[in-house]
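I'd like to ask you about the structure that follows.
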Amino acid sequence: MNTIKSFAVIGGDKRQLYCARAAADDGYAVNISGFEKCEDTPELHFSDIDSAIENSDAVILPLPVSKDGKTLFAPFSAHGISIEKLFSKIEASKPVFCGLKGKTPDSYFAEKKCFFYGCREDFAAANAVPTAEGAIAIAMENSDITINGSSCLVTGYGRIGRVLSLYLKGLGANVTVSARQDKDLELIKAAGMKAVRTNRISGHFDFIFNTVPALVFDRKTLAASAGNAVIIDLASLPGGIDKETADNMSIPVFHALSLPGKVAPKTAGIIIKNAICNIIGEDEI
Amino acid sequence: MNTIKSFAVIGGDKRQLYCARAAADDGYAVNISGFEKCEDTPELHFSDIDSAIENSDAVILPLPVSKDGKTLFAPFSAHGISIEKLFSKIEASKPVFCGLKGKTPDSYFAEKKCFFYGCREDFAAANAVPTAEGAIAIAMENSDITINGSSCLVTGYGRIGRVLSLYLKGLGANVTVSARQDKDLELIKAAGMKAVRTNRISGHFDFIFNTVPALVFDRKTLAASAGNAVIIDLASLPGGIDKETADNMSIPVFHALSLPGKVAPKTAGIIIKNAICNIIGEDEI
Amino acid sequence: MNTIKSFAVIGGDKRQLYCARAAADDGYAVNISGFEKCEDTPELHFSDIDSAIENSDAVILPLPVSKDGKTLFAPFSAHGISIEKLFSKIEASKPVFCGLKGKTPDSYFAEKKCFFYGCREDFAAANAVPTAEGAIAIAMENSDITINGSSCLVTGYGRIGRVLSLYLKGLGANVTVSARQDKDLELIKAAGMKAVRTNRISGHFDFIFNTVPALVFDRKTLAASAGNAVIIDLASLPGGIDKETADNMSIPVFHALSLPGKVAPKTAGIIIKNAICNIIGEDEI
Amino acid sequence: MNTIKSFAVIGGDKRQLYCARAAADDGYAVNISGFEKCEDTPELHFSDIDSAIENSDAVILPLPVSKDGKTLFAPFSAHGISIEKLFSKIEASKPVFCGLKGKTPDSYFAEKKCFFYGCREDFAAANAVPTAEGAIAIAMENSDITINGSSCLVTGYGRIGRVLSLYLKGLGANVTVSARQDKDLELIKAAGMKAVRTNRISGHFDFIFNTVPALVFDRKTLAASAGNAVIIDLASLPGGIDKETADNMSIPVFHALSLPGKVAPKTAGIIIKNAICNIIGEDEI
């Protein structure tokens, strides 16, 4: 795929626009479609979908491709874009970089040379940064105290847990991180934080950030740790909190999803571009 | 003053309420007045002003004491509180802890045993924390990129500059700090950041945080450093930015003042309480 | 194994002594053997091997068990301890916690209830800390400059790479970390460091810390990055440096192995104790 | 003094050699004298003292100038250099950059255009870095545990206290810093560390770093805090520890002085060069 010199960026939110700009900054010719309602796009080249595809070596579709299974996710488009028509215009040999399928039927992807940048580990790792910063912004906005000097619990020491706990420590918080595996507990201590086994969470915390997609905060754990806390749940739906019990205990819970596109669309767009470039660098087509 | 066992907290915003609570948590009897319109004060003891003063060993006034020179700064009060009347009710031997004078005539303070917690260095140092966090929150909200990986310039290495640059570095930013004195330039480098003399600022920055109360960012320095930046000006009025030039260059400037009370009133209230306790610990009345 | 109440700690270096003390601090009865020549062991209970084993619920053997395949690794023992005899005295049902086999024939372990604490991920993760600190101490001792302000390259972002790069950044170094995987490159940037692909290392570095057990520093990479560097090689034998070329280029190379026992035997002993306790917590015998 | 184009570097230890090299790297012509016994000086230009002075616009003397009041501090010189003769050869209009007087009679300096780089705040601030790193190296070498996870106390929050506590935190230690002033206690907390008033030190510490040149650790404070500690005393003579009591309590005390020249002579030499350049930049002769 090192012969790709041009992209058609079709549909998506501000992230795709920033992705298009970043690709242009890297020297690619970029044609964008589906952004008629967006005002702030001076230096990009608008086309209709047909000529965008025709004039480009590869197509970049959004994240997700479709939310309803029929039309492209394209909030800045002046009109609905049928994914059926769209895919019919892309020849089978042309690489298509997709975010996530969303509700798009599998059959569309099966016939094309599709690459899912949204499923890659590098993409997820890079997005841990805007997710962590977004979580910190939510904590700042929804509390009467500073992060500095507060007691913070981060559950889980995967990508987001690692990055978020590091930043909280960088702000001078007292950080405890929970994990299930012994090796992670050791790495948490090595990073200068307190480590606790996820099934033994207790203590006084001002902020709780959940990254574990499982019911970590059941009634018992909420009672043992969250009485005075603000909870920011970063785990995908249904999240890790017994919401009903939290409500009964008057514990504020913020379920924060899809933060990268909300808090830092430019960074998120560059992350998409980087993931696509990594795919191109790895694969030979 | 170690004989003080009770406080009258009269007027002020949410900081004073949190100050009152923190004093109560420390074991003081606390009477509050001027918070009729505030809903969230269950555990505090309301009084009318006369009995609050009479029943307390000392009086705590807000920050500032008055914004108009006539009435107490008391946004939660149901009615205006005349500072003339208020001061007339306080006997000369009773300690009065004031924030800043604001527009209050000096004569009122001259006749009382007044202590200005808002002028103390410990108070200013402690408030550097919510100020720095508030500045970071503003940067996050008003930018399409993450702090991590960005280029940040902090001008000045006083209290706020020290704390803010440390937090930005903790978030993984590339931090440059400007200072005038050689010794500060060395301490900046010792902290793992880039140091630049304030009169030689140049380079590409995504975020500029000004803490210097002087015109650092004139036309020339704006041109040399701020073309793509978001500027957060933390210096007291008139700030350190040539606003007209910045506007002409389409550089967004956020003049952020009085952040502690806005972003972290509870922390700010505890800081007031701590400053008062430090005064009491130091002085013998 | 939660019924274990006593340990026989037989042979090994200072780490095993500290392991014995840590186990005693946790409430276990501990009998030690093979430390006749060690002077600093006031509070521990010495026994001959036979009664130590007989009086203990489990046996702890050193790291490695044997260096010559015949005698126990026991540098503080007054005389050689035959591993054949030793193993013959341990009944088959008694748990034996071993470090690494070393040159011990497999047959010995096959007949016993053996657990290798030295092969566990939590053990390796915990030992990343004394390894990283030992590497920093070597760098400090063998250079005329400070770590602060220096350019440091860490190759590899596994356990040691993660911990070491974090500490170097904490000392104010300019840290670059190399990795092969895209996701690690993203996590390196998320941690506020520069990321470089391992096969594209170049630049000026004052210190190079290699954690990759492969020939990363061949002639070409040495020439591209190490001209003025001190190299500390932390990879197991044969290490990651073309030593002959480095010698010809007058690049000092320190091949630092087994640092935990050398730089922090107490920490290393506690790590052994923790790993054994983790094994006990996991397994039911 | 911006007309200075050449330096005579006369006497001193390795720091002066590195200072000479750094000046040469900056483009100055440099003549060195008094280093006959030093082997590692290939790229520097040796002269006898007379021609070195004659051919240079300014003279750089060591730190201290003299230890005995008669001869220059010049450990690498093949023979004693009389300071009387030396000063007699320097014309009154030629700038002389001296470190510290040491035992040199004041009269020598009075007649010359002397500048003491060793008395400057920027010089002291920059030297806090090698001092802090040297203190950490001593702690690492003289303990069986890692800094990570240990409890560290730093007394004093001046230059060295600030830098040292930051680095210890960067290594993942639990850091407490003592100070006398309320504002420093606030800045310590702002940096994410525990703060304690210097006259109320107590607790369990693994490492104690004293930077206060006063008897902080008397019998009572030693008993309250140092029972299991290694003490590194960085304060100038006589230091801040009651040595007799510490000895009686078997508390190891390392009085570490003049660390920069010992642990990082190249960094220390560059610091001397920078201080001299700062003097030149400030003054007009």
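The first chain written gets the first letter, and so on, giving A, B, C and D; residue counts start at 1 in each chain.
Just so it is clear, contacts are C-beta pairs under 8 Å (C-beta built on N, C-alpha and C of every residue); 3 or more make two chains touch, one makes a residue touch a chain.
Only a predicted model underlies this, so the values are computations on that prediction, with no experimental measurement involved.
The minimum number of touch steps separating chain B from chain C is 1.
Most remote chain with respect to chain C, judged by CA-atom centres, is B. In this assembly, the C-alpha centroid of chain C lies 35 Å from the C-alpha centroid of chain D. Each chain gets a centre from the mean of its Cα atoms; for chain A and chain D, those two points are 49 Å apart. Touching two or more other chains at once are residues 129, 148-149, 166, 169, 171-172, 189-191 of chain C.
Taken together, the chain A residues at the contact with chain B in this complex read 14, 18, 129-130, 132-134, 136-137, 140-141, 143-149, 166-167, 169-172, 263-267. On the chain C side of its complex with chain B, the touching residues are 148-149, 169, 171-173, 189-192.
Residue ranges of chain B in contact with chain D, taken from their complex: 120-122, 124-126, 128-129, 132, 159, 162-163, 166, 181-187, 189-191, 278.
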